[in-house]
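Which chain is which? They are A, B, C, D, E, F and G, in the order written, and residues in each are numbered from 1.
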Amino acid sequence: MNLAAYFDYFILPILAVSVILVFIRLVKGPRVVDRVIALDLIITIGIGIITVFTIRSHQKVLLDVAIILALIAFLGTIAFSYYIEKQNND
Amino acid sequence: MRSPILQAATKYLLPILLLFSFFLLLRGHYYPGGGFVGGLVASIAFVLHSFANGTESTMKLLKHKPLSLIPIGLGISATSVSLPLLFGLPPMTGLWFDEPIPVIGMIGSSLFFDLGVYLVVIGVVLTILFTIALDNLSDKT
Amino acid sequence: MIRLFLMNLLLSFIWVALTGSMYYTNFLFGFMLGFGILWIMNRHDSDQRYFYRVPKVLGFVLYFFLQVVKANLQVAYDVMTPKYFMKPGIVRYPLNARTELEINLLSTMISLTPGTLIVDISEDKKILYIHVMYLTDPKAFVREMKTGLERKLLEILR
Amino acid sequence: MELILIILLGMLYAAGVYLILRRSMVKLLLGIMLLGGGTNILIFLLGGIVKGKPPVIAEEAKLFQDVFADPIPQALILTAIVISFALTAFAIVLLKRVYALVNSDDLDDLNTPEEEDI
Amino acid sequence: MIDIILAILSTIGALAIFFASLGILRMPDFYLRLSVTVKAATLGVGLLLLCAAILFPDISVTTKAIAITFFLIITSPIAAHMIARAAYFTGTPLWKGTIIDELAGMYNKDTHTLESDPQEKKEDFTPETDQIADTEDETK
Amino acid sequence: MIDNHILAPVLIHLFSAVLQLIAWRKTVTQRIISILGTFLGTLLAIRLLADVYSKGVLTLNASNWEAPFGIVFVADLLSATLVLLTSIAGLAVSFFSATGVSRQRMLYGYFPIFHFLLMGLNGAFLTGDIFNLYVWFEVIIISSFVLMTLGGRKTQLEGAVKYMAMNILASTFFLTGIGILYGITGSLNMADLSVKIQQVQNQSLVGITACFFILGFGIKSAVFPLYYWLPSSYHTPPSAVAATFGGLLTKVGVYAMIRVFSLIFIPDEFTRNLLMIIAVLTIVIGSMGAVIKTNIRRMFSYLIVCHIGFMIGGIAMFSKIALMGALFYLFHDIMVKTNMFLIAGLIRQLRGTMDMKKLGGLYAQYPLISLVCALVLFSLVGIPPLSGFWPKIYLFQAAFTLDHYAFVAALIIGSFTTLYVIAKMWAEVFWKDSPDDVTVEDKFEPLPMFRKILLVLPICILCLVTLFIGLNAEAIVQLVDKISTQLLDTSPYVEAVLGKTK
Amino acid sequence: MLLTVLSGLFFSCLTIPFGKMLKTKWSILLPIVPLLLFAFFLTQIPLISSGNSLYQHINWISSLGVNFDFKLDGLSLLFSLLITGIGTAIFVYARSYLKGHRYYDRFFGYLFLFMAAMLGVVLSNNILLLFIFWELTSISSFFLIGFNNDNAESRKSAITSFCITGLGGFFLLAGLILLGNIADTFVISELIQAKDLILNHQLYPVAVIFLCIGAFTKSAQFPFHFWLPGAMKAPTPVSAYLHSATMVKAGIYLLARFTPILGGTPLWNNTLMIVGGITMLYAAIHSLFRIDLKGILAYSTISVLGVLTFLLGIGTKEAVTAASVFLLAHALYKATLFLVTGIIDHETGTRDISLLSGLGKVMFPVAIAGSLAALSSAGVPLTFGFIGKDLIYEATLHTPQINFKWVLTGLAIATNVGLVAAGFMAGFKPFFGKLPQQFAGVHLPYTSMWIPPLVLGVLGVIFGCAPGITGHLLTEQVAKNIIHHEITAPLKIYHGFNQVLILSLSTLAVGTLVYLMNKASSRKLAFIARFKALSPEQIIIGCGEDLLKISAWATSLSHNGYLRSYHLKIILFAEALLAYKLWHSGSISIDLNMLTQPGLYEIAVALVFVGALGIMVSTSSRLTAVVSMSIIGYCTCLIFVFYSAPDLAMTQFTIDTLSTVLFVLVLYRLPSFINLASRKILYRDAAVSIGFGLILSLIALKVWSEPITKDISHFYGENAYLLAKGKNVVNVILVDFRGIDTMFETVVLSIAALGVYSLIRLRLKPTEKE
């Protein structure tokens, strides 16, 4: 079993399952804050998936997307928290 | 209600994001990126600043209204679109300097065009967000 | 100190230029080489802080990394097993760190360590409220933190 | 994967339509956004999808050595994304103004009887 | 040899992410979920990026890998802090097994400010003081 | 034939708008730039039409890439004529706006957006690329959203929400259509598409694609059962805006319909029948709406719907005569509808309301203005020899030749309804005395002479153009004759774009 | 001839700038114009009576076949003389009648326009040109009827008449174009040549019916007659000119003009006879019940118009001759009666026949004029009316439908009896008997007001005494123009003692009897009003009102103010259309080898995608909806990464983040979603949307399985670096190949920003309306 297959059949599936697990939390909530952190985690895992995918497809340009994700994903979370704090009726 | 942690982080995130946005702008012709994404990232930098320090302080940081960036950006890109007309060429024709410049590569009208796009995007996003944010503030009072 | 750091950087760049290979390992090698040269040259100077600090930084990074791995394992175990072992709580933590950089680095590190999380900081930046997963005694936690992470960090920075 | 994308785009269109049939203006907006997303995926799919071959010429090369993904649909979608952002931004603000005016996002509250015409 | 190192690194990374995911799903309250996820995922992604940096003999990839890790390390604690604070402020309950909550009642509800001195604690403001939930998996 | 000045009518408005943005909040400067810009634009449009008339189809390869690789701009007679009409309407509205639009609105960007709108319209008429057409459509709708909401009154917002939702839906259909079109042909250049579409193996897909364009453009041009946005919104914005909308916006939809169905999809039996049914129902539903409304602009809105049916019917028949009728009607309609909404605006200046129940006494007080209005209104009805009359001849002829008797009936119904509502309006607004219980707020009388002229002059200009179209119909007939020839035989268009080799 | 038409238009326009001048003594110039025109037409009589015609052709819109084609033949000449001759009288009369009126100038403007239009109608040799003038008569009469526009009744009548004639006009237009289509010409003289072609065309009946509707509405035939009594709201000179002498006769002219083209078939003849017959009798009876002088005159006019139609329907040479004579006779006496009525109204202030009597004592010349007209109208021997009546009986007795001979004659008798009585009521009743005290102060009006009716009245007698003049000079030619048949029998006063004479005299006797028995009173008016519900006016107006109600109902049903219902209709239409097309597009075949294999991670992304959609649709929390929106955008972004679109992924992600920020900024104030729809509606909407999604999926599948050519993207791939100096092809497309898109896309962005700015900042003051 070479490394490529290892990535394909072990690493990526684990990441995929992780995404699904996090998504279950997103569905369950129960509060918006739970959903927000689930979203944040999905994005982080996504960066991981992109990284592995970059390795697998030998396309280093795809890493640029990961940079943007890493840099600005938290803005969404901040925005959510900023206004969750302001409104109490959701 | 502002978070000191966020404020502090913004101090170094703002320059990083701006630098990164410029990086995206300049190398857009060769790698993923370009004026749009660059502009969006740059505006996100200021949005972050406004989250941390309040919209008024970001406005102060910018000195001018972001709205004024729009005509400037549009002017630049419109000029680079119609500049070839002066040479009797169809609009939007790429005009290039002969020699490449280090770091950026070939310099041509498309880079100016992208710069215009970059400025417009910043102007637009900031105008939209700040207008809303200031309105939210004034609603409260 | 800054002068030495810049000097070190300059030396490593010269090394890179000499070898003509702009690869990280090469740069790192140049940096270490430069560090060695500088240390030898400045061995008798009164101010030895720079030469202590670089190994300390490395040591701290290693310490932090180990903390992270350790805590991760703990959490992993807790997550995997059906029963919860944690005793969470929100702890009031008076800060020794004063400057912005200190506070920021400290809070980042606390947050990155599994099991601890900054919930908020007081307006005057004197108190941190930390959510801790495995809390047996709040006092003990604060003491441990003061002597562990915070002290090590402040040692490097001050 | 194409089949999955086909199902996804159908669902996007369906959800978009379902949401624009609601009374809430927020849902209307979300529905519009979903429809836009569906369209983007449709264009992306129909332009022909290729895995892991971005249309970026390699550093050392002057031409593509290999198959590459069709850049045209990408450029079109990019334009479409930006345009729908503009529209969405405006629509969101419209929503804000509507809310400030009628104090709800129920579209029925916005309806003005004809007698109020000037 | 290098393959084995890569395999190990990537496995640790993937598992860290996996445990973070499991954690967010299994942990009984919001703060615990948050606490588990932020770092594990960051660690995992960092390790995966390390693999990429090793695999591509290219400075730009290494730079990017470092940049991504760096950005994640900077941003995720901030995001976590912001959302935790918002959650606390809006009364997201703590798990019933929580042993202490020293933040209770510290907020000034009107100004959203957090005083450092417990003496200024407002006695008349109590609704959020006891946020510890009664049920196993917090109230839905 | 590469000609750079094809884009001039677009660029002039782009630069006007940018200059006005630079002169933000300087309303006098903006007004001057606007009038100058629209005037220059009109001159350029005349030059373009003259060139196209004498030299044939002109093209411009933007970015200097040969078609179909770059975006090509094409000026054929249809485009050039519509550009000219847009420019004239723009000029008139620009004059009117200088006084007719409140200073507050000018301070918040009325003029630049108005110019962006004109730019979008000209661009849509001139582009030869289907996706570029989409971009122009978006320029048009976003500027119209802004113009529609400018001022932010409740009715405006109500209208804007509906207008916006349905127009975005239209764009969605349009864009989906483009996606599919690219999926089956791999091209976006309309001339290239007209060639490649015939090579598609599964022609049934072409039919499906065409449906998306029918839906998209159908919503834009407000045909039954897709028209709802129009009567929901056109009565809400300031009159100068409503004039631009009423005259031009739906017509872009009609233009796009004509362009796409003459160049890319040649309408088959099904499409023609479908369009014919749509046309007849559009006329009927528009008529029904128009007869019951007492607010002038609401009534006009339904009249727009009704008359769109005439043009769609012409397209549905797709014979030379039918197209001539549709085109002639299109040209006439642009001028008259713009003017009608300007008149509505003038009426509001004069009386402070647009409700026919509360209006009255205009003929007694302003006989000359009323007379000009009468000319316009009766042009709309199609009282011969005014402009609305001539196209109906062609439409009747085509309908009889092709045995579309339902359309004959619809034409009669539509014309009759128009006549009825216009007569009613004339009686209520101009003849009747002002009702006693209504206090008249005349904003017009106290205005200085110069501003009065600014309000009335555009109406007169458009009226003169309408009279020209009506009395010098021979010229228009010659023009639409040539245009419909170009539409039915697209080879000159395709050759001009792709070159003779293809 | 163009000049004659244009002169009217010209002077009509002149009244706008010189309106003020006209109100002074310059108004004397006004009657000069029709007078000169009248003189011109008089000079043409010799030419025409010798059987020639005068042609004129000036190009106008030749591609459409609409040119200034004029032709002056007997028929045209008769009408032209009527128009200008009576026009002169009317102008003279109206100058005084309206003296000092506020809108004096306007009135003459309209009148000139009308005269020009009318001349145009009768002179045109091109049916579309004819139509143009036809419509101009409608519009000028609209203005004239509504001349007293502050009167609500007046406005209503104007609209009614305009609508009826306008509707007819559109039918006429359709009919004319149909004819033009069949014969491939719009020139009347050429159409006559193509008669066979037209008669044998399958659409011939349509053409006849459309044309007849046009003519019948214009000349107030049953059941469209009711606008004419309403039109009496116009000033009396207008009634005299338009509604007795000229405009209403345009319909008759049209029928006459088209007889050689369409006539001679049972359809044509029967339609005209039946409609004309009903009209003449119906109106004659009605006229007896009126107490308003103008009402009486209106109904008797309708009746006469019915007679004329009826005669044209009979279509024999006798009938046509009768029509042409009766036309002229009626014009003369009816104009006189109207003018007389106008004088009475002007001087006494009332037109109530039950009040008026004995006015002969105070306005003798007027009484003379009225009496002469009444005699002519009654068909007393030695008046022109007598000759007309004679010819009518002649025509009915010699009808080709020999079986119906007595039916037709009976109809004619009954009608004429009514007309005799009506004529006496209008012409005698006001002048004879005792002068009531209230009218003692009444005096003779301006000379210029009583001269015109007197002249017209006297002319009726002159023509009656010497019918040969008109017969030889005009009516023979007229009849010839109508049926293309030489008329040999000249008009005579006395044909010998025969059936016709007996009929004429007995008609006169019975009519007089009816007049004497029939006391005008409001009771009778009330009596006839009881049948109002059954009258065509009531039925048509009722239908109109019902149509309005239906319109209101249909409009509020379809355009009900609810955006969602509009969307529903649009989507349903789209579904129906697309499903139909899809159904007919054959089966789908998929080449499974073309599919790319999805990894587990892709499936996971897709699952998350679907789940997020589900949350979004079902959640009741807005922020959760926004979170799902972000997830969806983010999953899209991952799909873009997997399928080679890094630029897209970047943009999608940044824009998604910004949209989230935007949403959050705006949403936090709003209340959460309430479920506002019932379960049934939710199911319905779900079904509709699933259907739509399914259709789109199927279409996408079908299109995807089609091969696609990639010339253009390959061109981009090959030239992006070599010619456009960039390696990221997407960006090269964005800033170079398709840079124009990008340029204007930034404009879209800018406009949105400006819009947001203005939408939030601009709060208009309530006083500002525009």
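In this text, a residue touches a chain if its C-beta (ideal position, glycine included) is under 8 Å from a C-beta of that chain, and two chains touch if they have at least 3 such contacts.
Every value quoted in this text rests on a predicted model; they were computed, and no experiment measured them.
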item	value
Given chain B and chain F, the chains that contact each of them	D, G
Touching chain D and also chain E, the following chains	A, B
Relative to chain A, chain with the most remote C-alpha centre	G
Which of A-D and F-G has more C-beta contact pairs	F-G
Chain separated most widely from chain D, comparing mean CA positions	G
Chain A and chain E, separation of their C-alpha mean positions in angstrom	14
Whole-Å gap separating chain C and chain F, where each centre is the average of the chain's CA atoms	68
Averaged-CA centre spacing for the pair chain D and chain C, given as whole angstrom	44
Chain centre separation (chain B, chain D; CA means) in Å	23
Of all residues in chain A, the ones touching two or more other chains	15, 17, 19, 29, 36, 53, 59, 61-62, 64-65, 67-68, 71-73, 75, 78-80, 82, 84-85
Multi-chain contact sites of chain D, meaning residues that touch two or more partners	20, 28, 42, 45-47, 51-54, 56, 72, 78-79, 82-83, 86-87, 89-90, 93-94, 96-97, 107, 111, 118
In chain G, residues with contacts to at least two other chains	561, 563, 567, 603, 622, 642, 644, 646-647, 650-651, 654-655, 657-658, 661-662, 665-667, 669, 671, 696, 700, 703-704, 708, 710, 712-713, 716, 727-728, 730, 734, 736, 738-742, 745, 747-757, 759-761, 769
Interchain contacts, given as pairs of chains that touch	A-B, A-D, A-E, A-G, B-C, B-D, B-E, B-F, B-G, C-E, D-F, D-G, F-G
In the complex with chain A, residue positions of chain D that touch it	51-54, 56
Chain A residues touching chain E - in the complex, by the definition given at the top	2-3, 6-7, 10-11, 14-15, 17-19, 21-22, 24-25, 29-31, 33-34, 36-38, 40-41, 44-45, 47-48, 51-52, 54-55, 60, 63-64, 66-67, 70-71, 73-74, 77-78, 80-82, 84-85, 88
Contacting residues of chain A [partner chain G, same complex]	8, 12-13, 15-17, 19-20, 23, 26-27, 29, 32, 35-36, 39, 42-43, 46, 49-50, 53, 59, 61-62, 64-65, 68-69, 72-73, 75-76, 79-80, 82-84, 86-87, 89-90
Interface residues, chain E side, partner chain C - complex	15-16, 19, 22-23, 26-29, 31-32, 34-36, 38-40, 42-43, 59, 62, 73-74, 76-78, 80-81, 84-85, 88, 94-95, 97-104, 106, 113-116, 118
Chain E-touching residues of chain B, taken from the complex the two chains share	1, 3, 5-6, 9, 12-13, 16
